[in-house]
Structures are given as structure tokens and as C-alpha cells.
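Labels A, B, C and D are assigned to the chains in the order they are written; within every chain, residues are numbered from 1.
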Amino acid sequence: MKYNGNILLNQEIAPNIFKMIIQCAPVAQNAKVGQFVNVYTKDKALLLPRPISLCQFTNDTITLLYTVVGTGTKEFSTYTTADTIKISKTLGKGFAPQNVKTHVIVGGGIGIAPLLALAEELSAQNTNIIAVLGYKDHQYLVDEFKSICNEVYVSTDKATSGFTGNVVDLIKMKHISGDYFYACGPKPMLKALSTHCTQKNIPVQVSMEERMGCGYGACVGCNCKVNNKNQKVCKDGPVFLGSEVNWQ
Amino acid sequence: MKYNGNILLNQEIAPNIFKMIIQCAPVAQNAKVGQFVNVYTKDKALLLPRPISLCQFTNDTITLLYTVVGTGTKEFSTYTTADTIKISKTLGKGFAPQNVKTHVIVGGGIGIAPLLALAEELSAQNTNIIAVLGYKDHQYLVDEFKSICNEVYVSTDKATSGFTGNVVDLIKMKHISGDYFYACGPKPMLKALSTHCTQKNIPVQVSMEERMGCGYGACVGCNCKVNNKNQKVCKDGPVFLGSEVNWQ
Amino acid sequence: MDLSVKLGNITLKNPIMTASGTFSSKENSEFIDINQLGAVVTKGVSTAPWDGNPTPRIAETYGGMINAVGLQNDGVDTYIENELAFLNQFDTIKIANIAGRTIDEYCEVVQKLNNSSVDMMEINISCPNVKCGGIGFGTDVALAGEVTAQVKKIAKKPIIVKLTPNVTDITEIAKAVEAAGADVISLINTLLGMKIDVHKKKCVVANRMGGLSGPAIKPVAIRMVYQVRRSVNIPIIGLGGIMNGEDVAEFILAGADAVAIGTATLIDPTAPIKIKNEFSQYMDLYNFKNISELKSSFIN
Amino acid sequence: MDLSVKLGNITLKNPIMTASGTFSSKENSEFIDINQLGAVVTKGVSTAPWDGNPTPRIAETYGGMINAVGLQNDGVDTYIENELAFLNQFDTIKIANIAGRTIDEYCEVVQKLNNSSVDMMEINISCPNVKCGGIGFGTDVALAGEVTAQVKKIAKKPIIVKLTPNVTDITEIAKAVEAAGADVISLINTLLGMKIDVHKKKCVVANRMGGLSGPAIKPVAIRMVYQVRRSVNIPIIGLGGIMNGEDVAEFILAGADAVAIGTATLIDPTAPIKIKNEFSQYMDLYNFKNISELKSSFIN
């Protein structure tokens, strides 16, 4: 089932990174942090929907942040507020916000997007939130995180500002720690962070990414071994406990 | 090579029949009566261009008349003046207007469209033009023909107005004749008219239609036997002498 | 309008089935009413659990997709306990799709399903034959007949044999499985395909090659259904690239008795019902009162 | 950047060729500069004129097209007088595509072209073999080898054998034609397909079945080039669904030495040049200095 959404905003917020706000109450109503939607292209040569995480949401809107990497995301980047967009309902099991004193949120690249909704939800509790954000070069969402987090650390691969290197190195160097970690980003980052957290005996929820066919659990395309069992990233995840993922 | 045209008008002039005026000087400049253009769809599931005849043209515009029959023409019917449309240069050898006293123009259905440009060109000569137009039920372009032809006869398959039946029967019944015939329409009509003209010893140019691949002479998809030789409708035609077509 | 069709002794309330591997009963039931389907074909099941291929398993192609799931499944026992038990609540025909690497493996699954609630079993002969060095059962006339005959010997439910299109002459294989006792033939499975990422300079799916499905392959499927319809007398389930109601009609005109929806369901979980409704409208448009009327309207 | 490639002894200035039957030298020369092409492959030519199939010959499918032209051509004598004479003015490699219903017919055409200006000849073994009851030369290992061997015996120019994808195992056919002396292999020809008009209730093309081409079939072509590259040592011309410069790179990464543009040229007569330019840009983007660098960048 496809829902029609109205585009309220579609703006390039950093080179090749777009922020799109879609008005679609039936979809937004059921949104949970860490979920994603399947976004359909108009280009009929492309059959499969594009999974994009919820960056933020309200009662009747969802906000997506996407990098233009191929034909589909290039198409999305051309949409204006005159266009409508077809999306699925929200899919997947998102993050499970914990009840602890200090949360550490770790994002790499476009994986930072879904963590904003998480930070917003956590900020409703009266707890400490530390965000560690890693970028290739250009930064985005840093201000949004700063306005709701107690501490925000930034690293870039290229020396643009802040720490140069990857987020896990930054965490180690600055001894950033807390009671619970949440992360989203490239697999090597998630793996390194999981290893780090497991050593320190701190639980970490990681949002995994895998090439998807259907996004709702029918095709078994997005397999991930968790606790030695085959799990569907789209349906059983995308969020798993880092300590339980069978990293390869 | 595809040209970008601006849509100046796209209007339903009869049920399912649309008139589209496209501004595209490089294409319009070389237009000849009886030629067609390849029109490209935006729908990428459809690869092949749609051949549509020139109904009229000026120095910088071409006018197309098209029936909505399938996916491609349905897409065209949704275009507005905000859209651009991709077309080829004008293709094919069109009608060869003759220098005679009385011209008879015979059109059936959407085949009437390219005959308007022909009538306009012939009307520049100071000669007699008789038009015989056959419709299923709803009529279009009749006023345009009336304003430039000396006589206009109309037939409809369903008794809406004028003669009920096909154009060839009408021609026979009313003894419509002249020095030279030009025709465009469904194959059975062209065949019957050619037989009639050959009997009466009057030359007739017929514009043939065949399912096309390329429209410019590369694929040999649009074969038609003329004078016992294989001819390409798109390149050697679409207009042939009715007496030379090997009718099947 | 009567949309019911018969596959041998089994009557389907309408010709719309799901295609194996593209429909998950629990997941899809959240989107559609399974009672409205002619039949549900579940994903390939083997004796013991299979792990499938490494990821990525999916690639997108022009008008199609490639999958190399590698028949990952939890084995027939879990299948009976979970998916089949779940399906029992619905009023539809239940068809198990069976995978195996040897004839014995196929037979073992059939044996276990004989006393289950499945109505029919579909033998997927695209699996590699381990004994014959990995050559597919479905690409060899003798092996295709052999696996069919052995399965038929023990099966207590009607047997559908699902053919692969990756063969020189589909009619030879179809005739062999009919001669060996198949009750129904289904076709086509996926075409073997590959996609290379020109930026990463490597194959998109980890397994390199995979199965091409979707509307891109429909002309091959229609051709094969047409050829097989003129070569055998048993019913045919047609599939490959069905995206809408007219595609269903095209398969039935080509000679199919029922059809299955695959890739379309992955794109949109409600596709089988949407397509069923469109097909009803098509039947209405031409005033066909039943499927035979449509079928016999074909002008050969 | 050096785009030149070698097919045996013959050097092409770039890997972009035209695909047989989708390019007409005179017609296309009105749109593009033929001198810029690596090679021109002309449409199938036979001993005597062939009439081809009745119309309609063309159908459109999702991301592809079906053609059943039926190798209509005016015979080899007219070909030499007209198209070849016209092509002589251009600085490009000229390749004749040869059709035949018997080995003798193939040989007769080869004989006549031996003393012409063609640089290479491409044997299209998808034609039905009249002697063996219409079975295609290209679908039978022995016949494929036989026609290649006979042609090679008399040919004074390098011989390309063009394979059909409608086979169970393309590598067997490829190995047979290599063993029989083929200098180059080209693949793929079209997949056998069919389309039915659900409103008219009949096949869209008069011949019922036809050849499916276009981007829809590219994954099958890539897979076969990949397989054949790992089975034979002679050069490969890859084709099937190439629409842009990245598609060219994909074929070369899969193992092709040169590529041919088919359906894309029918859609847009300037396609071969447009695609060549896009491919140059791709080479530039990754700083490849020649085709071998691209080829060996493939991560297997």
C-alpha cells in the first residue's frame, strides 16, 4: 500500500544532502524513532522502493535526510513543493529508548539522521545526552543536536573543523562514556563501536543497513546474523543489540 | 537526436482526441506536409518513440492531433503548457502536392489530421479542393477544412450527422471525383479507395501506417510492398501511390 | 462473474496466486486479506534449515531485479509449525514450494508434508543437483523427469513442477515432467542474470549471479507459457513480471490456467489484491463470464 | 586517453560498435559522423534476397522491444554494391553480419565477401537450420562448431561468431566455436519473447514470437559475457541493452573487449556517439588511461 505525501520542503542542507519534509498523517501517526519508510520513484525503470530513515516526525509530517548517491535519490532531489511523493507506512523496529542517566548517541555520515528523532525523544526524559557525530567533511544537523544534547562532539574525515578521524577514535581519545549507547552509520563504524562498548560492558543499540528488496519482511533479502540466528534487517531490525550481532 | 519542444496548447477537441501545439523552431523549419515526428514518452518503461503526423505547422510550431489509445498517448494527454516534450526532427516523405484543377482529400478517423496541412498547402494554389472526412462518431477539424476547401463531405459510422457509412461508399454515392486523390486513414479504407481510383483511372496518394521501431529507416520494422519491392513506410513513405501498393 | 479455476482436482476461487519467495504469510497478512487469494505459495522449504547466500542479495535492474537469497529457510519442521499453522486460519489453497539438492531431499520434504494441511506441493527444480555436480534438475530433461517421478511415487497431494527458463527448449522439459506424472506445471522461475557496480567495480550481489525477475522478463514468460500450452495437456500456472490486471489476462490468453504474482508483491505488499481487482475489471470490460471464455477468446 | 581495442588482428579506434540490424549506414549517417565509431556492423545479409516476416514486426515491452523482422535483406550482391560501397568512404572497421539457413548458404556469402572491403564477418548463428528441421545452429553445440569450422575453412577475413542467449549453457557453445576456430565471439543476440495484445486478443507481432532486446535483457547479457570470458580466450564483443556510457563499462568489467549498441540506436539515431562520449567521461572520472586498465580494475 502506497501513501501520497505532500512535500512541504526539499532543500539541500549540505553538498548532496537533502532534507525533505513530507506531510502524510496516516504514515506520520504511527512513526517510531529509528523506523524508516519505503520511498517510491516515479522513474518506472526503477522498481524497488528506496528505504530512508525517519530523521524527525510530528503528528502529520515526517522529515527525511538523504544523500544523493544514485538514480533514485537524484530523482528525489528534483522534487519541489508542487510534487507529491509515494511512500509506505513506517517500517521496522526502531530504537528502544532506555531509562538511564547518560545516553551516548553516535552517528556516522547520513546515519546521523535517524538519531535526531531519538535525541528528541530522549530529551523528554530529564537525562544526559551526549552526541558524537562523524562527517566526511561538510556538517549538518549539528545545531539541532546542540539544542537538545548536553554535549556534542564532532569529527570529520577531512580536517574541516573539530576532531579529524573517525568517531570511535574520538570516543576513545576523549573518554566519552555513558550508561547506554545508540548508533547508526557505516558497518565498520558500528562494528568498531560494538567492540569498544562490549569491552567497556556498556550496551549499544546499532541500526544496521542492508540492501533491501521489499523492506517489510517478505523477500529475505536483508539478512543479518544476530545471536547466530538469521534476522531480517527490515522487519526484525534495523536496530539490534551490538553485542548480539554476529559481525563478519 | 531529440529536440525539446515547448507545449503551447494541449486540448481535448473531441472525446479522446487531443490537439497539441509544440513550439520547436529547428523541427518546424523543415516540416513538409504528410511528414511525422517521433514523440518520446517520459515513462521509462516505454522505450520506443510514438510516431505522430504533422497536422499543421508554422515556422516555429507544429500541431499534432492524437487519439488516446494506450500508455504513451495517455501520458501525452496529461501534459500542460508547463511541460516540455521531446520530439525528433520531421521524418518521412510526405505528400507530393500536384498541379491539377480539382484535388480530392479523403480522410478516415485520426488520418484526417495530416490532411489539414495538405489542404492548407493546396489552397495556396488557385484550385478546387474537395474534402471527404469519415468519423466514427464525434467530428473534429470540419470547420478548419470548410474554411479552406470548396466542398466538404462528412460521413460517420454511427448516425450522428451527415452520411452514415464509410467514406468510400459516400464517394461512390455522391459521385465525388477530381483529378487527383490524397488519402490517409485505416488500411481497409485506403485499399478500397485505391481500388476505386484505379478503376476510375485517377491517381491517389495514400499515407500508410505501420507499427514502427525507429521511424527513420534503420530497423526495417515498417515494411510495405510497393511495386513488388520492399519499402520502409517510415523512410520511403509514409505516402505511396495507391496504384503501386501491393495490397494484401 | 465466476473467477474460479481448476488445477487438476483443486479449485481456486480465483486465478491469483502468490509466487514462492515473494510473499510471507504473516508479514503480508498485515496488509491484505489472504482469504481473497486463489492460493498462497510459500517460500522454498528444504529438509534441514538452509543458510542462504551472503549479503547483498538484491540488485535492481532496468524493469527488474536480481535476487540471490539462496533459498534461505528454517527447514520443513519449522515451516509446518509456523507458517503453515498460521496459514490454516485462512480460506485459501495452501501450496508449499520445495527445494532440494538431491532427489532424496525433495522426497523427504514431500514425505513430511504429506500429512500436513498443505493442499498442493510445488517442486522447484531450479535447485542445483549436488550428485550431478551442480547442474540444475530443471535444465536436464532426464533429471527433471526423474525427480518428478520419484516425488510422484510418494506424494499424497497434487504435484506442481516449477520450471526454470534457463533452457534451450522449455517444451522438452515440460513434456518430460508431464510424462513423469506432474499434475501441474508452473513457469517461469527467474532468468540467470548479473549486475556489476561500475563505481565499485564489482558484482552487486555477493553471490555474483542471481535470478532476474520482474516486468523485464514477462515476454520470455509469455512465450514459454504459449509454447508449453501447445506441448502438454496438464494445467499451467503462469508467472514472470505480472504487474497489473492486464498482465494476468495476457498470461491466460497465452495458455495459463492460473497465475502467480512475484516481484510486484515485493514492491507493494497489497499487489496481489490490487491486481486481482484490476483483472476483474478487465473481465467486466469484455463481458467475460468466466476464465474459459477469456481463454478461448485468443485468436491464434 | 587511449580508447583503442583489439579484436584479434584488427584494431578499433574505440570499443563502440553498432549492433547488426539496428543501424543503417545511409540513414544513420544523416545523424552522426560514422568516422567516430569503432566499427559498423551491418544488418544480416544472405545469399539471395530474403523477404522477412509479415508486419507488424515490432512490439514494445517493459524496458525492451520485440522484433520479428525475419532478416529481410536484399542479398549479398546488392549489399556489396550499396551499403558496403557507401561505407567505404568512412574510416571505421566494417563488419558484415551473415545469415544463412544451411552451412552452404553461410559459406556462399563468406565467399562473396572474401574479396570485398569488409574487415571482418560476423556469423549470426541464430538462424534456423533448414536441414535439421529448423533447430537453430546457435542452440546446438555440434552445429555451432560445424558452421564455424566450415566458414573458417574458406574465410579470408577474421570471423566473429554471434551467439544466441536462448541456450541452457552458453559456455558450451562458446567453447565449441572457439575450438572450431572462431576469432571473436559476440553475444548476446535477442531472447525469444512474445507479447499478446489483451484488447485484440492476439499476438502483437504477426510472427507471434520475436527477439527481445533492450535494457530489460542487460542482466542476462552481462551474466553471459562474464561466463564466456571465463571459458574461452578469444576476444568478446558484448551487447544487449546498452543505453549509456556506464553500461559500456559494465560490459567491459564483465569481460568484453568491445561492445555494440542495438536498440538504443533505434530509439535515438545518435545513441552510439552519445554513449561513446559518456563512456569517455566515465574513463576520465576514474582516470583510466586505456581499456585494459578499466578491464583489470574488476574485483572478482
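Couple of notes before you dig in:
We adopt the following convention: a residue touches a chain if its C-beta (ideal position, glycine included) is under 8 Å from a C-beta of that chain, and two chains touch if they have at least 3 such contacts.
Just so you know, these numbers come straight off a predicted model, no measurement behind them.
Chain pair with the highest count of contacting C-beta pairs: C-D.
Taking the mean of C-alpha positions as each chain's centre, the chain lying farthest from the centre of chain C is B.
Averaging Cα coordinates per chain places chain C and chain D 33 Å apart. Chain geometry summary: the mean Cα position of chain A and that of chain D are 47 Å apart. Note: centroid distance chain A to chain B, computed from Cα atoms, is 57 Å. The residues of chain D that reach two or more other chains are 62-64, 215, listed in rising order. Each of residues 44-45 in chain B touches at least two other chains. Contacts from chain C toward chain D in the complex involve residues 61-64, 66, 139, 166-169, 191-196, 198, 200-202, 208-209, 212, 215-220, 222-223, 226, 241, 243, 246, 249-250, 253-254, 282, 297-300.
For chain B in complex with chain A, the residues that touch the partner chain are 43-45. Those residues of chain B that touch chain D in the complex are listed here as 1-2, 44-49, 210-214, 216-224, 230, 235. Chain contact summary for the complex, chain D toward chain B: residues 21-24, 26-28, 31, 43, 51-52, 55-60, 62-65, 67, 69, 72, 74, 204, 214-215, 263, 265-270.
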